[in-house]
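I am attaching a structure below and will ask some questions about it afterwards.
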């Protein structure tokens, strides 16, 4: 447990002292105009990030030997500088093992991971095709892989990404697919479900989430699509009698799920199941971006008569919160009417 | 009733005489190498099109005064020429009123139109918002508009289009939306339903379907998006107390449903309901294109180990029929393995 | 009347006290490094914008209750900070009604609006087609619409936009069209004139110019093209016997005047009059951008041997002022010649 | 003089014998299914092109030694084959010198070339800047260049191109520029006029028009923009005291007149005069394409309620002839209204 | 051995009888206008393709039971029809085993395959890095893979593709790389060589060359890039102690060798060796296209003063044969000079 | 000689006084918050750039009359401000003639220019074609042109450009071409060599390098491609009997060397020699960008397990230094493995 979370600081009195455990995301030594060295830190916990400065490097209450990636306990006060909070650190030491939980140090899904995992497993149970069921069971039975699947974010960029994000996205997609597949009788439900569970599995290797969210070098060079295909193919090759054509289709679904060459899929969807996977994946990602942006506007105090900020996932479009706008009193919206 | 349908001719003996009622889709006089004039006709009925030739223009059994758009009764025989059927016409007269039904002369939905219409009406009934319900009820209560809505194709090009196609597409979309909207609690279901019912309503003016499927001049100059917006706006302006903001949102959904400027929407979707409308419309159109292509391949006798033809609606991609390919015996698929 | 205009401040002594009336464009409370709150304001008048700071919030000479959109009288001094002027406000109160004219608070056309309006009316008078003449007369006879037409800027962004900008642009286009149309006998002059007067009329609803220049929510969702079409169509539908085909052509010209789908026109120009409207509109906008940039460079003291800044309306191209460059003494322009 | 022109044949009785002089545009020997050799010719004169066949190669009335590029006298008859006219040649001999005029053998401007040239010269006379005036006078005084300027087509493709086309296009542009330049006081009229006269002068070397219209090898490798710049630069370098900056601007106008890199201009317009040249050149070319298409539709017998064919110069758009459509009786244009 | 090759027929007398062994590339039954069935065949051998017709289906000298993919012995005569040769088949039987060599039935490299293979092996021998050397040795030691590598074409389309084409292309690239790599000391030669040998190895599975050159279904769904990566990864995973980072780099080179996402590489080159591989592969393919086009023009009898046909691999550009053009007598190249 | 170079300052003690000669790249007077004027300077020498401030304008030790483009001697101290070095100037005077060498004031090639020039000349000597040899000899014999060729940078942007950069790039290309041309026997080596030496020669006029590296106005309006063509054409026209076709090919190579219209080449490569020139030029520029980025990362202290910064010349891609990464100890690269 930690004393205070970064998100609490917005309501905190400026200048008042507090303690907290934080993950050191970056650490740089700089010099003031007057030539005095100081430390510039980026600290994080599950609720956000905070810039911090250590002005007195020689102070014995400041640890000398901490580094990027360490969890530290810091004491100090915060003040607002040009609309950004900044912490002045008075004391700082490296946290001891057991004092805090690393999972508290990075943003994390608001859902219960165990429950999400159970939902995933029940979808696997529902499969009829024994080969696909065995494939998924085998992969999820690998403890290291399963743990990574439960932890991995769905993407790198902080505002779209959190621990457990991959699993949360996949479970949402599974539920959505269960609604859509019966509408199109030509679809092989088992293939769609398998494709959803495996489409982003390469992200457990493309990304690292030890200290912030970053691409591994291997991830940059190969990409999660290739990494997911390789992981799947290796598993299949160790299964007895997995039908070769079924293997081709499963790999094709992973390969093609970005839907366009310029989005990094080397092949376009050529079977109905792959087409549907690409559509639902895209729709769900965009709807989550919209929901996230609406929440952010609420947090930032935007009114119902304002458009949102530009949304990166929607080509920098600004959106309107339908329900809030309809519910707000109609002022004279049009100039000079 | 007509004696024979064009689709029956594939099984018909070459050279054997038959009678049939057909719509004259085009009529051109040409000359043989030897300087003899003849008629080249395109004949159609609900099952397809057929090229026909009248070699003996002076024959008294050939009517002189028929034209493009007439329904005619023709007698003759068919033969295959370079893989295409061609009819040699021996007798031809204009059909008398009542002898046949114009609805039999153009391709038409395989669903029961009355039943589709009932489904549409029950969706309207299910709306909670009284303004949107009144808007839809009012528009569908206009007999000419309702008749056109039931008749209109969804698009011009023959292989994608048939009488009742618009209604069939809308009802499929409504059912699909009813599956998807509960997955995203932020969605206003009434807006989504209204958007689906109205998004393509301008097609009843953009297209004509008297003789084949064609764009009207007005349709070419204004487009179905603008025509649908105008139709909707005029109706709303005659309703009492329709909330101005709700009007803006309904019009926005029609305007933005193509999803991209380069597809002819002058505005991109800016509310979640418009985003979902664009996705579902696109998905449903593509899935129908896939299903249609699979049927066509079956009709053409393609085997399970062949890709389809290039599909125009999917950027000229070739597709694979998942179920047939998986079910077919695995031959050695890979060269020299 | 106001004491000093923002553009005068460039020549004003730093630190010397002055009074002025300003429109409050934005108002934000911030905190200094030392935790002291202050106000950050954006003030504007017809000659420009100015950043201002109120450091002593408790001072009784500073009004408590003013807000964004108010006109205030402020006293203080200005100094240059990193090349930008900044005002330090010592006193500030809300202006009383009648003390100043809101039209003095936003940038405005340098032409006489009454005279521009007269020119517009004389073009309407010159029309031969009675339907088009009646359409325009009717629209311009609506007092609210006419007032908005005279006030509206032609675009949102401050450096391209000013009150009366729409009218100024339209009158320039009309004069240009009167030069060009006789060169192409196939053109229907009345249609071209009508298209020019109506092409951007939707901007009176797309934009608001109460406080700075902004898009209305409705404008963002529907766009000025759709809004102009709707305004025109509603007027036409109330005129007796307006020929339907003529209506289609007028609406087509408004719809297509951006000339490309990706510029927000849902239809491309399909009649010569629409093609010419698109060309002249584009040419006139670009020539005004060039002229404005040349003036800006003169104001900023650029020499004749320098290119302009990058011009947004010309794809970020830099331009050369032909006449100045030719008139300047030829130094050795080329390295090492 | 020649007996009959190709455009006359549309009205000519099929099978009736006629004589005519034609330019042989291509000549190929082929074989019938039965193994008999025959000649396939493309014949042209100023009014069009005609496919022709010589079936009896051994006939003494058929010359043996004629070739592509020769003018021949041919006798035979025409018939329509699949909507295209085809001539059956019974006799054919090479025309003797003086028997016919090569200028009658290719499509040619309908304007009087001498009068066009005079107009061009009077524009040159109107220049105020002595250097530009001398430059143009010098270039047009070169007899070979002037002759080529009077003869050259404006483009290669037959339906857009004719002898004298370059001159006709330039004179139209000059008249248009004289209308537009006074509207923008910042423009240097002399530069605009000079730019118009020289912008396409490289076409006299890029194209050849001896036998049909073709690119020379040099034209393909260098292009008319570079060829025109080189011609102009060489002339300037031989003039006394031509101001270097003025030279740069003239060359820049030629270089940039296509307006976009992807249209082959290596530099974009950077002075107002170059911007206007690009706009007017583009507008005039498109308006001529529209006018030409309208004439073609009239010739082909299209009705006022039909769109034109797709127009290549307008991105394959179909157009509507405003005046004819408005003048035609309004039938019920919209389906099911 | 076969009696006559297809390329010989161009010089052969029309109508004269000949025998030959051919591969049946396609076989379709059609009907004449008069209702008589006949066979339309595409026959091929290593020198080209030939259309053939069997008119007398009932003739006992015509085998009943042959099919696409069979090698047949056919007797008949050829004639030219609209510039294309067509064979009339009088006798036809299926070839017996041993009567002919399947390798004679498809176009094939003009180089000695054994010698090319030896060159490839000597490049492998030259590697210094023991892991890369072992990887390549292991793969090329697989007899089925090695045989496929020696046989595979480099691409599907007939005019760019021949048996042995893959090997020929790789050996040319290896020699080119040996020239270029020493110029850039930062390059790891062993990685470049390995990348070249493996970059297209997936083509042995993407393509089949039993009957003509075609994509396998698996090849269409996965592509040769993915197939090559999988083949390589599986081999590496069976090697002892192959360094993981080296594996990543080898796979990255295969993945990225198309150089652009839109060309099907899911990752762009991120190491210098991958950059060079992409450049040399592209250059060598284009230079082979140029050389092939020059040869084709020579075969077709084009003169030195003519441009080539449009070359697909060079964006439909036409080329000029430098040496021939410079060597030809200079006629007056420019019109009216 | 100068006392200290800018690159030395990184190791220099903050606050310690030093002297140095610098080129004044820019000079602006500004005011502090308190209204005190100061000078903001950009100073440069061959090793880099440095921001500098003169706080005491009235100090007699600060020269009054220096300007942009002057070489000055300055004394002061440096400190680090937000990671950037900044000099505080205490004394400053204009350097006297002879005190320092202007060549020391701008970044410059690390190669010996005389030796590069000799290599260039030996390539010219190696030509077989007497016309091309004479052309190059003549151009390089012009002393002003030769001096500019030796001095010119290859591009404007500082991090890619240095004095002698053009020559260095050309000599590298010549050596590369000598490796590649023998691989393709169809290539005319003399043409390739000539094209390489002349392809960027227009840069001596497009750029100026008196004070920093900038485009001349003429360079902006015409571009180095056109300037190089003009320079070459004028030289050729003064040579006796230069073959016209050879001239066309040489000019074509310069014109087309950017390889794409959108990169500013008005013609695409149409001969093999031009194709190869474009490829090698592009490859060499990219390989130099890679090498430069690797060096920069080493200077900046990046580790072997980090990607480089985004590289502008490679579409903002990040790269990996192969050799360093392979040599570094393999840590566990993949998250949670």
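A, B, C, D, E and F are the chain letters, set down in written order, and residue numbers restart from 1 in every chain.
Operating definition for what follows: a contact is a pair of C-beta atoms (placed from the backbone, for glycine too) under 8 Å apart; a residue touches a chain by one contact, two chains touch by 3 or more.
Only a predicted model underlies this, so the values are computations on that prediction, with no experimental measurement involved.
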Chains touching both chain C and chain F: A, D
Identity of the chain that, by mean CA position, is farthest from chain A: D
Same or different contact residues where chain E meets its copy chain B, judged by the half mark: different
Fitted rotation between chain B and its twin chain C in degrees, CA, nearest 5: 180
Computed distance of Cα centres, chain F from chain D, in Å: 46
Where chain E and chain F are represented by their mean Cα positions, the distance between them in whole Å: 43
Chain A and chain D, separation of their C-alpha mean positions in angstrom: 62
Averaged-CA centre spacing for the pair chain F and chain B, given as whole angstrom: 62
Contacts with two or more other chains, residues of chain A listed in rising order: 217-218, 220-221, 249, 270-271, 307, 318, 320, 325, 333
Chain-level touch network, classified as line, ring, star, complete or other: other
Touching pairs among all chains present in the structure: A-B, A-C, A-E, A-F, B-C, B-D, B-E, C-D, C-F, D-E, D-F, E-F
Residue ranges of chain F touching chain E (in the complex, touch as defined): 172, 175-176, 179-180, 182-184, 186, 188, 191, 243-246, 249, 268, 270-273, 275-276, 279, 282-283, 286-287, 290-291, 294, 307, 314-315, 317-323, 325-326, 330, 333
Of all residues in chain F, those that touch chain C in their complex: 30-31, 33, 35, 144, 147-148, 151-152, 204-205, 207-210, 216-218, 220-221
Interface residues, chain E side, partner chain D - complex: 14-15, 79-83, 305, 307, 318, 320, 325, 333-337
Contacting residues of chain F [partner chain D, same complex]: 217-218, 220-223, 225-226, 229-230, 233-234, 237, 248-249, 251-252, 255, 261-267, 270-271
